[in-house]
Amino acid sequence: MSGVIATQPNLRVRLGGLDLAYPTLMGSGCYGSGDEYAPFIDLAGIGAVVLKSVTRAPRLGNPTPRLVQTPGGMLNAIGLQNPGIDHYLAHDVPKFASRPCGVIGSVAGFSLDDYAYTTEKLGACDEIDAIELNISCPNVASEGETFSCDPRLTHKVVAAARKATAKTLIVKLSPNVTDIAAIAREAEAAGADALAVINTVRGMAIDVHAWKPRLGNVTGGLSGPAIRPIAVLAVYEVARAVAIPIVGQGGIETLSDALEFILAGATAVSIGTGNFTDPRAPIRIAEGLRSYLAERGLASLADIIGKANAGFKNATEFSGDEG
Amino acid sequence: MSGVIATQPNLRVRLGGLDLAYPTLMGSGCYGSGDEYAPFIDLAGIGAVVLKSVTRAPRLGNPTPRLVQTPGGMLNAIGLQNPGIDHYLAHDVPKFASRPCGVIGSVAGFSLDDYAYTTEKLGACDEIDAIELNISCPNVASEGETFSCDPRLTHKVVAAARKATAKTLIVKLSPNVTDIAAIAREAEAAGADALAVINTVRGMAIDVHAWKPRLGNVTGGLSGPAIRPIAVLAVYEVARAVAIPIVGQGGIETLSDALEFILAGATAVSIGTGNFTDPRAPIRIAEGLRSYLAERGLASLADIIGKANAGFKNATEFSGDEG
Amino acid sequence: MPTLESRPAIYTTRIIDRREPAPGIVILGLHAPALAADTRPGHFVMAIPPAGVQAAVALGIYEARAERVSLMLVDAGPRTRALAALAPGDSLELLAPLGNGFFLDDLPDHVGIVAGGVGLASVLLAAEDIVRRGKRATLYYGARTARALVDRDLFAAAGCAVECATDDGTFGHHGYVTDLLRIADAPTLLLACGPSPMLRSVSRVAAERGLRAQLSLEETFACGVGACWGCVVPLDRASAQAPKFPEAGADESRTYVHARICKEGPVFWAHELRW
Amino acid sequence: MPTLESRPAIYTTRIIDRREPAPGIVILGLHAPALAADTRPGHFVMAIPPAGVQAAVALGIYEARAERVSLMLVDAGPRTRALAALAPGDSLELLAPLGNGFFLDDLPDHVGIVAGGVGLASVLLAAEDIVRRGKRATLYYGARTARALVDRDLFAAAGCAVECATDDGTFGHHGYVTDLLRIADAPTLLLACGPSPMLRSVSRVAAERGLRAQLSLEETFACGVGACWGCVVPLDRASAQAPKFPEAGADESRTYVHARICKEGPVFWAHELRW
């Protein structure tokens, strides 16, 4: 019996203290709380759902339109619509208790204080297994400079969140920078347990009939297969710069897409926009990974992580306790 | 007679001292010298061809593969293969004399000296109407930092080229920066007559069978429709930051694509990767622009430039001497 | 809201018929017995496009009877085009049925249905239902030109009166479909689906004349199931459909919240919208 | 190099026939009289894919006779798939004819043609030409499995002998097609087209046995007309096909230059390649 089990490749991975049955996450903002997909997929086949980002105060979000289709991808400018942390703790978080997969809370903010406050509150909930820090917001105290675009600000905000929770802290990086590896090193130095790479790429589209931007917010974030080469490179570069595990994302729809990120150095992958084509993508990718490893006689995902990245530095821990 | 001519919308635009019959350019590196396309399209219907970048010394270029198809776009890593400026002046430039469209030379380099040297030599040729400065190369003297990724370096290299030629100087910006407007302002301050926005976005793709990067050079530049939203935003932001004209590029294939750039603030557009789908794209776009203006009773392209960009600052000159 | 809870799922259907009632319009008939049974008027689907095409696309459920459901595709871009190229025998996967549907429990004697363009796809089932409930139904149907007015016979066959308007005057009233509502004995309840400008106009006419109106809204969708908050519309806080949401501090948040068209809607009461 | 200069142009052709000789392989017949007349063995086209699909794709010209030219599509990705979905009556635009073609002016008595997989598409015209010039031609044809060996009868009909090899041994020799060349009376000139590993193997066998070999190379193309320098191969500086290029300073540039497969090739002499 145990012999048979032992030949099933191990997909279990660890992100800091977070142990995941599958290396496949549902990306923040794309799967809601996961519940919206319970009618369509079995959440027990997902590693974890990353919840929609929550902020200290409630936010009505941006004016519409908030979505535009573009070649091979889409632009979004939701504007972090959410009910604020207090309402969220009272009404939403309790529902996450019985989730058959990991639950990662996502925190956004506009000052160091915001991040610390929200991280502490959310991190204190039993229903939340880990915190992802969405630092792609402008810092209102610092002339609107985006936290994730400045190594110093990145260090500060990660350090503030680190102090606020003992739970696994994943820091999500923006690709809209000259040198993403420098930002990654600061996040690691400030105490991040893992990095999510990448958030959306800034972009815009123009309505050529109405002569105005197509998004209510003028600019938005580009996601989907169009940005995959940008995201794979970001993972490749970050994996050479830090030793903490990476959650790769940006345009993943298929097994082959996920493999590109894993071979570049990602320990896990996250599916966002791919969900809007087919919500079964993360389940299929996990199944595909298992077959891929089995066909090659490989025992676990660790055997392929970073294998296309000669300078790979990332030193993930793996739990070897499952068949 | 003159009445009839006057109702034909005017597509003529000016980039610095360069007067173009059409606002449509063939992008550097994608149309060769233009001659390669003489069997397929009438070059008299193109505003100008931007030649493949040339460097001081000959370059063998990167190992293969140099090209990879990606969703909605492609990666390239040619590595500036070229015979060097001396051989180029002796063997290639003389062929450009009888070209029925504008001819813009493109200069790349790895030091300030390189840029000044090559710009001076190429700018001195009668066959060359203007110089485009491709500053997306690493500066070998400055720890390999890319010229276009640092405002100080950008200023220096543009100033050096400015001193080396009196011809129209177009500076081509890289999108791989945190703040493209800051770079644009430096290029303008250092004497650029126009800006080309944008060059390719850094990316990579991985061969999931062979477990290695698909490009011989590991990383490459992403181009094509996939990057269009990134490029439109770059033009939008640069147009608010500078007063010199902009040549918009990045994923233009159709009239609608070109209009997005023009409405964002571009005075002209350049077609690169779009050529690989259909080399007639620049001709069709010029025809389409004429009809678009005519249908709306507009007299010239100036009537739509920047019209979707409320903060538009760009103050292009137009030649009003054509019907 | 529909009286019975429907149970959304991923349906794998097979295309059994295909017709082109006008250039650029394609109607696909699907074999989908369980979905047909679970569909209420005003429901929509998210159709997964053929391999190689990104992003599922929102489509109204046009017909639903016995084993068959149909979808209407109007050429708008890559996805409607890829779906319209499917042929009988091909399979098509759907997330369905989705949305709240029209509120049909408490009807006056005469219900007006206002449809513009592809909006027609979302109202045939409502027309059938109204007639089945023993009420009078009139379709006010607008399009650019006569050729784009399709399937009037299907409505007539369902026992629904049909009045038309075209922008170019090639059929029916020459002008807006909403002009047809400016009559003395207009129906006191309107159900409307079509482009935004038409819906805003229906909203205005209803307010002016004291009619009630349910609008089935369109917006670009990503998820279609309430997960991404991409498809919102400002809705009165007091609406029964408004999501619970604390005041955001900004003044306007005292009066409205952003409701998801795909989840709280797509059908809203016109007088509750704050758009 | 072809004896007559061909005149590349953009051809608008119409698909007149379509067949699937094996799963995943489609052959499209096109009405293209002027192109058929201007085509030489080894020429290729850049086919503009249907609207919505990016980037023209390189395809060998398979057959060219009277009014008809044909192309062979092997499912590799979005573009070959989109083209394979075209049907008789559809139109297809081509940049053609492109490339240098095989060197057929000075042939020995017996010429071997080595083809692997889709490489077959680029050698039928050469086989016909060799026979027409009164020489013997033998096709050495390799594929994964018996089903993927297509159209042997077309070669036989052209008067060309056919010997096969399959990776799985389901037809002909069990092993590599190049194994078939390790015979005493091997043809002294080989023309080869197929995947890189096969071409390298042909190259090795030719070197070992003192045979001459022309290889039609494959690489990812963008422009297909020599404009982008994306498709190069290291070529001996002394080759007649080598582009004029000064020494780059680096040592290796003394011995080779990068030649464009689409422009200087796609056919090169095996002994001149420095890959």
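In order of appearance the chains are A, B, C and D, and numbering begins at 1 in each one.
We take it that contacts are C-beta pairs under 8 Å (C-beta built on N, C-alpha and C of every residue); 3 or more make two chains touch, one makes a residue touch a chain.
The shown structure was predicted, so the numbers you read here are calculated from the model rather than taken from an experiment.
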Find the geometric centre of each of subunit B and subunit D from their Cα atoms only, then give the gap between the two centres in Å, rounded to an integer.
35
Starting from the mean Cα coordinates of subunit C and subunit D, work out the distance between those two points in Å.
54
Distance from subunit C to subunit B - Cα centre to Cα centre, in angstrom:
46
Spell out, as numbers or ranges, the residues of subunit D touching 2 or more other chains.
78
By residue number and range, which residues of subunit A touch two or more other chains?
72-73, 224-225
Answer with line, ring, star, complete or other to describe the graph linking chains that touch.
ring
Chain pairs that touch, all of them, please.
A-B, A-C, B-D, C-D
Spell out the part of subunit C that touches subunit A in their complex, as residue ranges.
7-10, 48-49, 54-56, 77-78, 93, 95, 219-223, 225-233, 244-250, 252-253, 257-258
Which residues of subunit A touch subunit B in the complex?
70-73, 75, 149, 176-178, 201-208, 211-213, 219-220, 222, 224-230, 232-233, 236, 251, 256, 259-260, 263-264, 304, 307-308
Contact set on subunit D toward subunit C in their complex:
52, 78, 81
Listed in rising order, the residues of subunit A that touch subunit C in the complex are 29-32, 36-37, 39-40, 52, 57-61, 64-69, 72-74, 76, 78, 81, 83-84, 86-87, 91, 224-225, 253, 273, 275-280
